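Next up: the structures, one after another.
In the two complexes that follow, subunit A is the common piece, with subunit B as its partner first and subunit C second.
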Partner chain A sequence: MNAPFFKYGLFGDEISLVVAFAIGIGFGFFLERAGFGRARLLAAQFYFRDLRVLKVMFTAIITAMVGLFFLSRLGLVDLSLVYLTPTFVLPQAIGGLILGVGFVVGGYCPGTSCVSAATGRIDGMVYLAGMIGGLLGFAEIYPRIEHLVKATPMGQVTLAQQFNLPYGLLVFAVVLMAVGAFIAAEWAERKIGGKVPDTDSLLAPARPLAPVRRFAIVLVSLGLVAAFAGNPFRGAFARVDTKQLALDAGTKSDHVSVTQLADWIIEGRSDFVLVDVREPAEFASYHIPGARNVPLAELTPDFVARNERIVVCSEGGIHAAQAWFLLRSLGFPAVYLLFGGLEEWKDTVLYPAAPPASAPARDHIEFAKRAAVAKYFGGAPQTGGAPMPASTPALPRLTPPVPAAAPAGVPGAKPKKKKEGC
Partner chain B sequence: MSSTPDDSLLEKPHMNPYWAGFGLGLVLLTSFVVMGRGLGASGAFTTAVATAVHSVAPAHATGNAFYAEYLGDGSVSPLKDWLVFEVLGVFVGGFLSGALGNRLRFTIEKGPRISNPARLALAAAGGALMGVGAKLALGCTSGQALSGGALLNLGSWIFMMCVFGGAYAFAWFLRRQWL
Partner chain C sequence: MIEYTTTRHNPGVDPILHLWGWEIPLYLFLGGLVAGLMILSGYHILRSRWDRDQAQGHYVTAPLLSLALLSAGMLTLFLDLEHKLQVWRLYLTFRPASPMSWGSWILLFVYPALVASALLTLAASLPRLRQRLPVLARVSESLAGHNGAVHLIGFANVVLGAMLGIYTGVLLSALGARPLWNSALLGPLFLFSGLSTGAATLHLLSHLTPRAGEGSPGFSDALASVMVNWLRPPSAQDGSRKLEQADNSFLTIELALLALFFGGLMTSTLAHQTGARLLLTGPWAAPFWVFVVGSGILLPLLLQFLQAQRRIQSTWVPALLVLGGGLALRFILVGAGQASHWSVALP
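Right after this comes the complex of A and B.
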């Protein structure tokens, strides 16, 4: 199994919206089931009357955490491909405090207010309107507080990395902490809030091995196993389908010619990513317009979305071929080689040689087209019937300027839309 | 259980919180496995606000770094966004669950000691605070606390502690609204 499915390109953006809608229905359904459409029930959390916010939230967290740990550990999910919101300590702490105050003032958080409004609660609808006002206000002050929003960056970091502890051990610790918090919460509800215990609870179950108690035991046991189960992240070893790779390489179905690529760029196609695996210095001296520079050693499993069509190029083709194999091993399904590399690009696209005068008219027409393409990319056709001059003509210093008539969308230059976070 | 003909019209009790949490956790796990991302909420509203501002005052929206981030490159509508569709689903799912539990009511959720206008004013104020807080923190209780919590994300756990801290610290001042 190659999961996350979307990141492996099992379906595209359009289908992902259908998936989003379906997942949203599940999310909204359980929020409402939990009673989270009602502000008073949510706010009861902060007066120890009913601690269901804590119970629902932490049960959901540990369920998903334990599930994801084992799916990753068994190699079914590549955990490094699950998006992790980057950490900015100061803004997240201040934002959390403001959000906490907003929670007890308004009675909802954004997700629960949707459910509240959907079930007819007028306060939920007003809350949503207030949130839109808050967002409008935030946008206006954003230019002045941008430095604060981006203060104390720590990148994408887990607690395991930060404290240098085994991931599984932290999973176990969080499960224990959550179950301990549930027991403390039930105790507090009865002592401080005077609440009659739920029919199925941890402290006062209908019978000793009530379902909720069994559920807690299962989670704690799985947590204990996780503590000793090792690293859930995939190592550097990969399994490859050698037959498929051999077939793709042997039939040359993985090749893209330089003239094809030139046409794609001129057409403004944006359905592929051109990756130049040479060193940054070589890249800086010349590169194909729109190319992204990712040196061979920096090709990581998440350097680009899995469902992208990737064209790799290098000076000759050896490094590109190695990158092709590496990317296919990492599970990228659509990887192509720029056949002949930049050498071929220069010879054929930038400095095409004119055919001899005696050549058929067809060749001359073809050359005229290639001469136009060469000029587009800032090169110069080699006329005069001579074969390629012994000394390669001086290359343009940097990427030749793209003419004004050129379509704006150059592959790779396309700004990727938005972050994946909330 | 006593069963009278009117039983079907009575509001059904909420689900046991542990089982609701288990269901929610499975939805979250599905999102991780299928999409490689967690759940969210506030981001969808930001996209909607950015799109609305862009249609009214395009220059203002594209000139603002905050809006620009949510508008994308203009090749597709910013509303064709994962979180926007997910939040549409949240409305539908909430409505379905409410309908099945006979809990659909046009009403205002509040304690007995506060007037309706005061409660609505506080709801709007709370929403506004939430909008600001969620954008500062790069996420709300769904995207940060729930999803990030399950991924052992450092920032999410800092955020979560601060949410509970802020709410408990202010709870006393707002007791008239809820108790």
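Right after this comes the complex of A and C.
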């Protein structure tokens, strides 16, 4: 099973909350133990009195960087599947400035303010309340500043891609930069902050091979190895394990039912890409809301980010199945089939048939739900046990777009924004 | 509660039981908490040299607090009754096969045991009431004077507390119509959860006490004289430490019982497994793992362990977390139990 685990269905929504709890508690615990719940300590780094935050954060960055590099070199992690925040130069510079000013004024960054509030500090609680107020304000004015938020996009880029450097060399450079920063931080703490160095500090250790020095040596040598260790990315044309493909095809775990897809769309989930592989003309006459039209011939190794969860659909299912096989061969790990295709979508989602009057109450309740879903997508439930019309009912027109006509009270009809944070 | 039969010819029973709202889980929580308090204070009465140690710790307020909490719990039970005016009929008969009958009678005996132990601790818990009603004072003194009576009261509190704690679990496990509750381990599980919430309550009381000299009692009514007792300095941090240790053992046992409970269900029929999955991975998984196991058991265990090692300051946070976990356990087990079903084809 490859990471990202949640996206590829290793666990569901419920367990994802449990995982979030465990990670959050662990992160908060260690931040608190490091002393990051105290505003004075956090603010001290701006006066070069105590640069502990810089050291901790830089250590975390290079540990993760070296770890990811070697894990992917060993084939345990597929780096192309790791989610990257897209880069927007101008808005991210503005956001960084706001965060920095807030950090200097309030003495906390978002994560540490939670830690501080949880340990009962009133300034932390006020900071947290301000942050929630800011989030609400941002959400309210978002439509007006959307053009600014999406200005100067660079896509999902890494430094290695941007400067066309070998990935390992960049790892080595960042490790050197971090060690340099540690040395500079200690020097600044002593010279500018007037802090007495700890007994086993990097610059003036009591023993020649103090633990911090050993740690630095190990990191630098790992970085040096990384510089010559080659490319950690797997090629787009990985070896196809046909036996695994056959096994996956045999189970129905790669199926998505039309009712499930309808629920996802209504919930406004944004963690999947619906790909319609029919010809553009067919696509133009009707398609499922939110679908992207990519005919079979245009399925290239980079038509969408490789860590996306992809649902493929076609008229019946044959072309979708072929697309499924093609995409799996191209190395996309999470590809799903819309079971029954658009025909099933029409029969079950757009024009569901009412159960006979003698059917159990459960079926009638289920039908009422399906009827509401059908109306959401512009279809019409076939009620009253009336015989099906001889001709297929006309498909709903595509304009105006369906989400605009969403009935009030359907939660999450607006696509959700992906959330990231410090 | 509407009448229903286990043959299930009732829309309130199939496919999901819609009988119990907030009243029953709250009662199960309060009942368990009172059971824990009774066992702890009964044990204290049995162990201590009564004439010398009677004013020690917060055990003296436990019986009074138990009386108040149990009455609140009984009120929720009464609110849940469909035919409220027929409640007296429960006490015209005793059916050994009915947990409700057992419960009614256990509750009937719990009250005198609590009142007796409250009388025994009256001198320490309600000094002003004692002055105003010398009769009560005389009863209290004569009780405390008889070693046999003191032991009897302590023993009765421990035994009735254990019965009360186990019965709150048996109440659910006796209902065979729901596979999730179909485990004999619910009784001990609720007993130990009750013990841990009881210890947490006593712990919380000791932390709500300001240090000596920070205030003097300014109230004259009986309720305030309970406060008088709280305003005293805790006899020693030692008592609080013992409570933390006791709480940690209760929590550990509770965790083990939870594991056994799920182990038993997961090795049983498909219906039992589906019921257990409601909590383990299903719709109740997030509140169960987060509030019951995470913040209700593991986090207080860790915090109290660190406190015992004097690595962090002792606070009332773990006690509050344990109480929240105990409450969540009742609500989640009652909710998920009602949704579990023998016909596993149903959602």
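The rule we apply is simple: the second predicted complex is superposed on the first by the 222 of 422 C-alpha atoms of A that agree within 3 Å, B and C clash if a C-alpha of one lies under 4 Å from a C-alpha of the other, contacts with A are read in each partner's own complex, and residues count from 1 in each chain.
In the analysis below, a contact is a pair of C-beta atoms (placed from the backbone, for glycine too) under 8 Å apart; a residue touches a chain by one contact, two chains touch by 3 or more.
Since the model is a prediction, treat every value here as computed from it, not as a measurement.
Peer 1: Identify the partner contact of A:139: answer first if only subunit B is touched, second if only subunit C is, both if each is, neither if none is.
Peer 2: A:139 contacts subunit B only, not subunit C.
Peer 1: Quick one: is A:89 in contact with subunit B, with subunit C, with both, or with neither? Answer first, second, both or neither.
Peer 2: In the superposition, A:89 touches subunit B alone.
Peer 1: Could you look at A:362 and tell me whether it touches subunit B, subunit C, both or neither (first, second, both, neither)?
Peer 2: second
Peer 1: Figure out whether A:243 sits in contact with subunit B (first) or subunit C (second), or with both, or with neither.
Peer 2: A:243: touches no partner chain.
Peer 1: Based on the superposed arrangement, let me know which partner A:15 touches: subunit B (first), subunit C (second), both, or neither?
Peer 2: Touch partner of A:15: subunit C, not subunit B.
Peer 1: Touch test for A:40: subunit B only (first), subunit C only (second), both, or neither?
Peer 2: first
Peer 1: I'd like to know which partner A:23 touches here: subunit B for first, subunit C for second, both or neither.
Peer 2: first
Peer 1: Is subunit A touched at more residues by subunit B or by subunit C?
Peer 2: B
Peer 1: For subunit A, what residues appear in both contact lists, the one with subunit B and the one with subunit C?
Peer 2: In subunit A, positions 13, 17-18, 21-22, 25 sit in both the subunit B and subunit C interfaces.
Peer 1: Can you check the complex and tell me which residues of subunit A touch subunit C?
Peer 2: It is residues 11-15, 17-18, 21-22, 25, 362 of subunit A that touch subunit C.
Peer 1: Write out the stretch or stretches of subunit C touching subunit A in their complex.
Peer 2: Residue positions touching the partner: 15, 281-286, 289-290, 294-295, 299, 346.
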